[in-house]
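Multiple structures follow.
There are two complexes below, and they share subunit A, which is joined by subunit B in the first and by subunit C in the second.
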Partner chain A sequence: MRYDACVIGAGADGLTAAVALARAGLKTIVIERNSQVGGRCSTREFHPGFRASPFCDELPSIPPPLYWSLGLAQRGVLFVPAPAMLVDRDGIAIRLSGDARRLLAEAAQLRQAALARAAAEAAKPPARRSFFSRPAPARPWPGEAWSERALSDLLGERVADSRAAALVSAVALCGRAADSSLAGSALNLLAPAMDGSGVPMGGLAALAAALEGAARGAGAEISCGLEVTDMRRNGGRIAGVGLADGTQIEARAVVSTLDMKRTFLSLFQWNELAPAVAKQAAGFRMGGGTARVLIALQSPPAQAPGPERFVYFVSGGQAESSAALSACQAGTIPEAPPAAVRLVSAGDPRLAPIGAATLTVTLGCIPFRLFDGAWTKEKRDVLQARALVAADAVMPGVGTRVLAAQVIAPPDFEDALGRSEGDLAGGDITPDQMFAMRPFVEPGGPPPPRTPVDGLYLAGPSSAAGPLGACVSGAVAATAVIADIGAGRLK
Partner chain B sequence: MSSAPYDAIVIGAGVSGLAAAAYAARAGKRVMVVEARNKVGGLCETARFGEHFRAPVAAHALYALDPRVVKDLALTRHGLAFAVRDMPSVGLRSDGKHIVLPRNLAAGTRSISIHSRADADAYGAFWRDLFALARAARTLWWEQSAGGERTREMLARLGYRSASAWLDSWFESDALKAMLAFDATAGGATPQEPGSALQLVWRAAQEMCGLQGAAAFPKGGPGALAEALLASAQAAGAEIRTGAPAKRIHANGAVAAVELASGETLACRAVLSSLSRRKTLLDLAGGVSTGFAEAAALARARPRVGAAKVLLALSAAPPFAGVSVPLAGRFVVCDQPGGLAAAHACARAGELPEDPAMEMVLPSAADPGFAPPGQHVLSVLVRPVPLVPVQGWPALKPKLVERVILALERHAAGLARHITAAEALTPSDIEYAYGADDELGGAATAARMLAPWASRVKCAIAGLYLCGASAEPLGAISGRAGRIAAVTLVAEQER
Partner chain C sequence: MMDVRATPFHARTAVLNPGNAWTSRNGFTLATAYGDRDAEALAARTTAAMADISWRWRLRLEGERAGEFLSRLCTKNVAALSPGVALKALWLSDGGGVRGAGAVARLGPAAFTLYASAPDREWIGSAAARVGVAVRDVSDEDGGIALIGPYAAQILKAAGLDPALEPLSFRRMSWRGLDILLSRFGEHGGYELWCQAEEATVVWDRMMRAGVPFALQPAGLAAMDVLDLEKGIVRPVRDYEPARTGFAAGPTPASLGLERLIDAGHMPFNGRAAWLAARERETQRLIGLALESQDDLPNAILLAGGQAAGHTLACGFSPALRRTVALAQVHAGFAEPGTEFTLVSPAGPVPGRGTELPFLPDSGQIPP
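Right after this comes the complex of A and B.
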């Protein structure tokens, strides 16, 4: 069976790519390892009657044009906005100040510009490489001005109120283990794990279902429960993929939504890649540091410092966050990890039985590898206890209402989603990776999301557009495939 | 007020100030150097230490002296000689498996292979790559031509990289990576920060004694370099006035005069300041508009960490464990590449790092004049340390010495027994004694390292030039900024 395009992974990015490819009239197949589509966009019943999205509550925002062109509104994907509030250890809440909002708006503008740039580069098929061709001088990448700024410096300069600054910092670094006082950490503002766009009604699975409907409606094939294990090549160019059950699927182009490490280090034989490419993929640094605790409550908490559907960031100030970071770097569970607490059932009552409530806690600075061994039951219990302490700071008395809880430790993200080292952002957010390696921005090389392997395109978290918005990197990769097929580069 | 105005007044008689004065004077300018302390040399100072020892007080090895300055100013004729022209770098390991990296690549490879075969193989290629990059970068850094488009692009790309990521892409053994990463902390950054890879290139670009990437020790210590420069400047006709701190730069559109702390005002047509950009523009020229944006940026840009110096007098050679190492070397004590980041975080929080990263030189091994026969003096640079510790430096100073001795004891068991005297110089001592508000003229960011020369040497005030460490891409004792500032001044005055 020969396809025009094969998409690896049926997450938001993969499905978006499939929609765009199928709409362009290309015969497209999406291959997903899990039995259901969605990837991190999934919602499960973790305790009878209690549902939550296990891996994240919210995605970075989908740019409005993409939202409309995918027909998500018609398919019933509605977002419930979730503004952010900061809760100190003593339980007082604060909202974003005007200057903090302006800074976040500026970050959003830079993100839009960066995405527009990524789409523009994807749309122009690369010229055939000739000996005499000179690389075009790189225009400044949007956001480059922040590449040397420390997040704490930028906030000190732009946000007058130190607690509002702490809130912005908590939002930007949510679920990551990054030092806000190091140069370049300001880039985290461009790639937040959540940016207040909100939770889709029905959980993230509703978004995945809508995208699946759109993809099938456009004519793409989606097969779940199949795992891609290797790339088939023909004369240096991608000819298709091989599946775990031995099936071969021929395709002119392959779009991988796996992260950079998994794409290049696990789908290719050790001698199939040029040494420089393998070295670059191996040197790509993953960040991560996220853990999640899903909690079923027998009754809604008595009081919260603000509206219940808000996201509450719990932070104990600079000293506590640097202690958490050094604990994480040493491979231990921090005493007081930064946390984001969200009563998901307040925004969407379908996620809990009547009279009960569902709470999620996202913890940051949690090491992927513990210095003293594996993530055992005891270690997970420690995480659960830390999460409850954070939840208790926001909503006093929560601890007495717990019916059940599920802990998702960093290795679980790798096992369930295939995200290397549990990094949902697909790599460290540092200038070298954002500007020079996401992925393979080489002078004279093919413009991203193309890779040094002809016919292989990288979407997903590790691509240039990956951490900047949901669904976008799939659309960008599809643009590149369509442009290259149109230019006759993929026979 | 003297009758005729000086063509140029140089503030600060450190290496760069003296070099600038010598260049301007040789071009026929009437030059006066004003120095706050009672002696010249700035951070290049060799002083008595204890009764029988001498020691380099601040800087203890030169790695960046511009060969053109040595040649143009005939420093050899004025008494500059080198005791060691090429100090091997030694990465001390507590397990005794030291890494010795002389310029001879093959010899270096041998000691690396104890730690990792693959690293030994990669080292040669890394070295060639680094040196080729460094040669390309020179055109940008110190030839007035701007360098090619490709060089600029290549360096800008490297500007995003951190030294640790770059080293990780080459090597696997912590021992080698930690040792090389130490050089990337010179600008007060951690090796994890973007731009720190450029610091490695900057270091490799230097041609100390005509040898790329070498470190050298002058006969008589760094103070001898200052003496030679002084002799050269005076021979060219520059006037030197010590004990005369500058208080204010008067300017009215263009520089008009320098007011000394004594109240005396020296009229001049130009000022070459070897103080930091921040001190020059905010403190000395405070009344003159430097531009709001620049003033605000300078006021914000405080360095985050500093460096301290510990001098130890030893009654015997340090008994380094394990394989024998050349004593006239430059020793780097840094066990883990991650340790530098941890130490940096600790120093930023105002605490003394548990496990200090250090660079050591044994001046007495290079030049026997520094200690009585059989005895030694050990000069230890500790970096990073907090600039303003929580406990305050007076309380922390004994602890600093203690930590250093403890760390040394791990690499040379029994060394503590040989110590006969110890002295420490903290960042606040350095600021107090030398007026260097941060050891190296400000944090080294990629933006600063890639900025064109003119933006570092010149400023908004006409006739005011910076010739010190802040006019360098990365602060160093090179004299190069002095040369370029003086040449720029001469060219502009004669236009």
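Right after this comes the complex of A and C.
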């Protein structure tokens, strides 16, 4: 089987890449390990009649031009914004202040500029390097000024109300284990875990279904239940992929939406990569720290501090955040992890039986590895209890309405999604791992999303554009493939 | 001084409108938005939204010759309607210009109601009087709410009403002591409930209560305008000046995208000959336009390939499409979807691309 392009992974990024590649007239195939498309964009029934998106409720924004060109609204994907509120442990709630909104708007503008730069670099086929060529000095990326700033310092300067600042921090770091006092942590504002883009009706699976329809409509093939096990090379250049069942797929270009570590450390033999490349891949740091608890409620909570469809961030202040981070770094479950509580069925009745409700709690600072062993049922019960405490702070008495709950611990993200160490952001959001540093620091080397391996492109969370928005890294990778094929670089 | 009056639902809409944002339409004061316009418009596509539509003009026509008169007035055969059914049609000036557009419902053998966005009382009234048809403006006698969205039928069921009703039909019924009329005349695939003015707040409360499990949201006029824009619906006064002088030849039905409301085989309607004659020469088309702009740019000049191509009508941000979109009247040569336009705005040229209408289909059914 011979294709122009093979995309590994049928998540939002992979399917977006497939749409763009197929629309450009390239013969494209998408290979997905799971039996269904979607990756983290899945929605499941976790208790009879109760549905939720197990890995996250919402994604970072899809840039409006990409949303339009994919025809997502016409395919029924409509995002309903869920405004954020901060609730302290005493149940006192606060919304974003004007200065906090302005800061988030500035972050959104910087994000757009960064994406525009990623797309522009992808569209330029890299010049062939000669012995005499010297790399041009890299211009700073938009937003790089924040690379040296601590999130807490930036918020202290720009947001007058400390609780509004805490809300901005909670939104940016939702489900992460990051220290907001470290230099460079302000980058989390540019690559936030969520940015208020909203929840698609029907859950994230609706987005996956629409993208699948768009990809198939454009002519791409999608094969589920097949796992890519190795990269095939010819003269140092990518020639295709090998599958677990022994099938070989020839392709001029391969777009991997797997993360950095999984792409380079599991799909290549140790001696196939240049030592420097293997070393960088091995040294790429994953973040993670996310756990989720899906809760079926027999009836909606009696009270909430604001509209039920909001997302409520529970935080007990800086001391509590620091304690949670320390616990995570020590491999223990924090006493009071930062939490985002969302009554998902309040805005989308499809997710619970009429008269009942579905609640999700996203916990941050949850270690991937526990110091005292595996994630046993007892440990998961502890997580569930922590989640219910957080939910109770927002919606008092909610614990008495629980019918069933499902805990998704950090290793579950790795098992189900193949995300190394359960990291949905595809790597630590730090200055040495952002923008042009993803995937590789190689001055004068091929600009992202190209990799040091000719014909291999990185999309997905570990790529330059990956943490900046949903679907965009797929579009950027497709742009690079199309440009390189057009320039005759991929025979 | 302009006469502005409250609708029968004002006691409820005022409580829900803490921002005190009001808009006047057809002499009624209506909530512009109850909170977030975009969230209200999205609710109509994702769950359910309820809007006060009491501002719509309603004219009752009664008499032996009412059906015959309306068939002469309208661009479809109203006389052929069965009781309980409605149709949508235009009425034209003698010169073939669009005077109005609306729905005509047959209440009984000799009784009809005309529903429209803008009143045209004097002209229709004087013409009806000549053939012995009695007309009465009933816009103040009852109130109406629209229930739109994929959960509209389920909310009706939860409220104790049978939602089984074909589009363009209606049913009178008694609803736990209230006499109401349930109809499906709207442009957005939902339902309308019409009730006596004095019973309006009870109807509002019952529906809001029934809608709680379905995330029902009240929607203001601004959200309804967004839905109209996304559907490609032109509105008199905002988008066009109705042909109120007898021999006005414009605006033509084709230039407003309204030819679907004309039955060319319906022989005797007013303005038919002029419409047929002008049809051959028609050069204007209504298209959709997707703009690369954050600003609303209505009534702006459009260029295509350096030539004047037309102008925009209504324009606004669509939260469902996440884009500023506009209706535009362009020369037929530029009506092909995908045509690139440049919009002339005070802030500089704005690129846009022609698209088919509607921008989005109706909210549809609840996914499994």
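Throughout what follows, the second predicted complex is superposed on the first by the 488 of 491 C-alpha atoms of A that agree within 3 Å, B and C clash if a C-alpha of one lies under 4 Å from a C-alpha of the other, contacts with A are read in each partner's own complex, and residues count from 1 in each chain.
One rule holds in what follows: contacts are C-beta pairs under 8 Å (C-beta built on N, C-alpha and C of every residue); 3 or more make two chains touch, one makes a residue touch a chain.
The structure presented is a predicted model; accordingly, all values stated were derived computationally and were not measured.
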Inset, instruction - Examine A:A276 and indicate which partner it touches, taking first as subunit B and second as subunit C; both and neither are also allowed. - result: neither
Legend entry - Partner chain in contact with A:S147 - subunit B first, subunit C second, else both or neither: first
Inset, instruction - Check whether subunit B or subunit C contacts more residues of subunit A in the superposed model. - result: B
Inset, instruction - Pick one for A:S181: touches subunit B only (first), subunit C only (second), both, or neither. - result: first
Inset, instruction - Kindly classify A:T430 by the partners it touches after superposition: subunit B alone (first), subunit C alone (second), both, or neither? - result: first
Inset, instruction - Scan A:A113 for contacts with subunit B and subunit C and give back first, second, both or neither. - result: neither
Inset, instruction - Could you tell me if A:A73 is touching subunit B, subunit C, both of them or neither one (first, second, both, neither)? - result: second
Legend entry - Parts of subunit C lying in touch with subunit A, wherever the complex brings them together: 38-39, 42-43, 45-47, 151, 158, 213-215, 290, 320-323, 360-361, 364, 366-367
Inset, instruction - Could you please specify the touching residues of subunit A with respect to subunit C in the complex? - result: 64, 67-68, 73-74, 76, 78, 80-81, 201-202, 206, 309, 346-350, 354-355
Inset, instruction - State the interface residues of subunit A toward subunit B in the complex, per the touch definition above. - result: 135, 137-138, 147-148, 153, 157, 179, 181-184, 279-280, 283, 285, 319, 322, 325-326, 329, 430-432, 434-436, 443
Legend entry - Partner subunit A, residues of subunit B touching it in the complex: 149, 153-154, 157, 160-162, 165, 168-169, 189-190, 192-195, 300, 304, 338, 341-342, 345, 348-349, 445-447
